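Naming follows writing order (A, B and C), and every chain is counted from residue 1.
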Amino acid sequence: MSAIRTEAYCQAAREGMADPVLQKALSGFQHRVAPATAQRYRRHPEGPQVRQMAHAIRMHAVEHLDTLLPRLADGILARGGQVYFAADAQAAVAYGLAVARRRGVRQVVKGKSMVTEEIGLNEAFQDAGIAVVETDLGEYILQLAGETPSHIIAPAIHKTRKEVGRLFAEKLGIPYSEDPPTLTQAARAALRTQFLSADMGVSGCNLACAETGHITTVSNEGNIRMSTTLPKVHIAFMGMERVVARLADHALLFRLLSNAAAAQKMAGYISYIGGPRADFQADGPEEFHLVIVDNGRSRILADPEFREILCCIRCAACLNVCPVYGKIGGHAYGYAYSGPVGAVVTALLVGLDRAKHLFFGETLCGACKEACPVEIDLPRLLLALRHRWAEGRADDLFRGGGDRLEALVMRLWGELARRPNLYQGARHLAVAGQQMLPAEEGRITRLPPPLHGWTQARDLPRLARRRFVQRWAAEQARGEGGR
Amino acid sequence: MTANREAFMARVRTALSAPTSHGRGAIAYAELAPLAVAKRSDAPLELLAENAAALNIQLQLAADPAAAAALIRRIAVETEAEWAQQKALVRWDDALLNELDLETALADTGLPLYRAPLAAPVDTVARDRFHRQLRSAVIGITSADYCVADTATLVLRNRPGQPGAVSLVPSVHVAVVRESQVLVDFVSLYAELAQERRRDREALTGRMTFISGPSKTGDIELVIVHGAHGPRALHLIVLRDPSA
Amino acid sequence: MTTFSNVSLFVQCLVDNFYPQVGDAMVEIFRRLDLKVDVPLAQTCCGQPAFNAGYRKTARKAARHFIDTFASAEVIVCPSGSCVDMVRHHYPDLFADDPVWQARATQVAQKTFELTEFLVDVLGVINLEARFDGRVTYHDSCHLTRHLGVARQPRALIQAVRGTELIEMADSDRCCGFGGTFAVKYADISTGMLAEKVANILATEAEVVIGCDLSCLLHIQGMLSRKKLPVRAMHIAELLVQK
């Protein structure tokens, strides 16, 4: 599995916020893509229910994986493809390696795929002496720079053209340029050689179709088509939830996916791949393998509260509107998935304790739910994670360690909340206590730990001497209030 | 490997034995079909023109096959070579393109025009030859099964003489469709595909590709650049129906 | 206009404890509308802080108390979108395994309204004959705008105030970074988000930022004061009683 750095959320978030280039890039990106996506959503002939329709399609698929996956697999087998069901990351990687070894693969070209990042495919191949080239331009830039993606769809948004220019000058030996067309052309030329000489292509799968027995891939650059057409062997990895029941389901989902991912009406290339080349074909791979990956998904599926997250189509629209992501960037999330979807998926995949900052470090503002093309209730899922972390039952698979002190404070607070007299009494203490805090013009300027975070850049008003409710009671007693 | 599959599917079945308690939306899957509304358009060609322009597709109309061939000849002459010294063209071997008689139209230019192998099965020799031609070609010429006006999408399927790579590997892609193949939107496209599948379950073939515009990327500071990996330009020629 | 013989106020913790003047303003508003006001004295907190932090057992305790306190109310009005969201959307879920309490929760949920939606949608009131000379801008709080769908109502009320010019800020519905304990536990991120909000407020050159949720206003005012900026945060109820 790829390295998990979710625990470093706070530190990495601070680093992200301290990087002025990243701040500018994130803000510019969000402001450009998010409103354009929202506008696209409004233009479908199906009207405002279009995202609910998409939700129904995805939920139906998730709830019928028991019949859809075999159907998909059989369709591919019938065309001479091979299908491997991988229980976990190790099994998926091992299968990929076995195919590569059997075919004597030395060089792999790869299209962007989240699940291969999740299972750590590149590292395993490289350890086995097989060169893996990421061919999506953004991913290619990051691979040359030795970095990881910071966005699901636009992996290199944190890189400026100047940085790319210097990188290409150094690694590709071209004269320095900061002109995006020139830089793109340089990558095009370098990668074309790779496409033509690679022995194996690796791709993900966007939304497979069970009815027809095809996987699909989506890209704008054409790199995935190259990777899946030119090499002798094509191996595709898909999370087991990435399938729909019927062909017609794609009519809606591909439109929404294109809107959501890049504010496009339609993505540049969508390919249906159902097997290796037929004998009448002059192109296409001799071998086609589909690896269907569980790696923790069946546990999510088994949980009625979390099942909904499997509807996700990995479009990144939730990242594009998230105010927290917009501040800290994708690296802070410490795993393949970032933003709101990452806060949920990562926690469910790597464990609640390791990823607790991801689902607590969000404000529940709800922007993600509105942006999601399949209307996943991400705030509900974040709340459920918090609940399971704080109060999970002992037999819960998705249980967190909780925090004893916090739980105690909450319990006490709960007692106050239902005993108005105690509540009032506690407040008296607080009103007295606040006099000892440093203040300026009647406003508290420094709070003690653990509340000191608040006053790091903000004041706090003092508690009013008397509660509104007390004042009201007094007025009523004097016979002035109400009528 | 079957044991693997069995164990995997058993886990899925067990997982699904608990009903969904959250996340069922307002609409049920069974209610969807009537909600899928196709756009209507009296002038699909105008709709296509608008969307093609937005995607940087060079759209041209041709009154007859000869006019289409003449357009392609012009494109061939004006396009600059990218990967090889000599400009070459490669085309699908299918009925529509054969009608254009490009061999004659291009004869005076002296540019080589290769044809994708038609005879099945394609042997290693034919395949290697085709791959060499493909690499050296600057223009790939294909037809298409459909063209969707609302998204300016071409639908290509792999059949004998129609390898998808012709629309991908050369620097420039030229596609020719008949006006009657233009559909309004994605909903109508999928309805057509469903129709076809009712007649032939393998109608989609093992490889179907939708192409909406030339290859593009925005990965460097969101600046859109054409020709990331696939064709840097896409010319679409619509052959008018004889009645028009 | 729907009429009620009695409006029960749930003033919400922050108003109750920090900003009693907002409660006074609400009383004044209803007095002007000739509606009898009731403030159940046993009210405390709706339980949202515990719920958002994952402590549903505690939240349930607070919810039961709330339901008991307001069970007999004809209608409940609250000057906070997020508390109404809690009562309206989360209370029924909190008691999913307890039909008796769930029924009671649903009943309370159905008669709980946020102040501006109550005024505009239920009472059909837009003009409260208020007067305030100045430029104001409006911050859409998250739960109010996205979970309750209330964005048009407060604007209509503001625009009906004589002498007030409403200048929209950029990204008015982007989160200010409060998020309850988030503001303390993830203070850096929270402050970063707040700084963006404050910059958008300043860019309007408004003198006052109006909101419908004290939590956001407390948060925003916290930075305005700390930086000694010439803008103040004001709850919409206070604006609506200016003369």
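By definition in this document, contacts are C-beta pairs under 8 Å (C-beta built on N, C-alpha and C of every residue); 3 or more make two chains touch, one makes a residue touch a chain.
Computed from a predicted model, the values in this text were never measured in an experiment.
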item: Graph class of chain-chain contacts, one of line, ring, star, complete, other; value: line
item: Centrality ranking, top chain (CA atoms only); value: A
item: Distance between chain centroids, defined by C-alpha means - chain A, chain C (Å); value: 32
item: For chain B paired with chain C, centre-to-centre distance based on mean C-alpha positions, whole Å; value: 54
item: Complex contacts: residues of chain B adjacent to chain A; value: 1, 4-5, 7-9, 11-16, 18-29, 31-33, 35-39, 51, 54, 83, 116-117, 120-122, 126-127, 130-131, 134-135, 150-153, 158-160, 163-165, 168-169, 185-187, 189-191, 193-194, 197, 204-223, 225, 227-231
item: Residue ranges of chain A touching chain B (in the complex, touch as defined); value: 25, 28-29, 32, 45-46, 49, 52-53, 55-57, 59-60, 63, 65-66, 69-70, 73, 79, 83-87, 91, 135-138, 141, 154-157, 159-161, 164, 180-181, 183-185, 187-188, 191-192, 195-196, 212, 214, 220-223, 225-226, 229-230, 240, 245, 247-248, 250-252, 254-255, 262, 265-284, 292, 294, 298-299, 301-305, 307-308, 311, 375-377, 380, 384
item: Chain C contact footprint on chain A (complex, rising order); value: 10, 13-14, 17, 323-324, 327-328, 357, 360-367, 369-370, 383, 385-391, 406-407, 410-411, 413-418, 420, 423, 427, 441, 443, 445, 450-451, 453-454, 456-464, 466-469, 471-473, 481-483
item: Touching residues on chain C, where the partner in the complex is chain A; value: 11, 15-20, 22-24, 27, 31, 36-39, 41-45, 47, 49-59, 61-62, 64-65, 142-143, 146-147, 173-175, 177-179, 181-196, 218-219, 221-223, 225-226
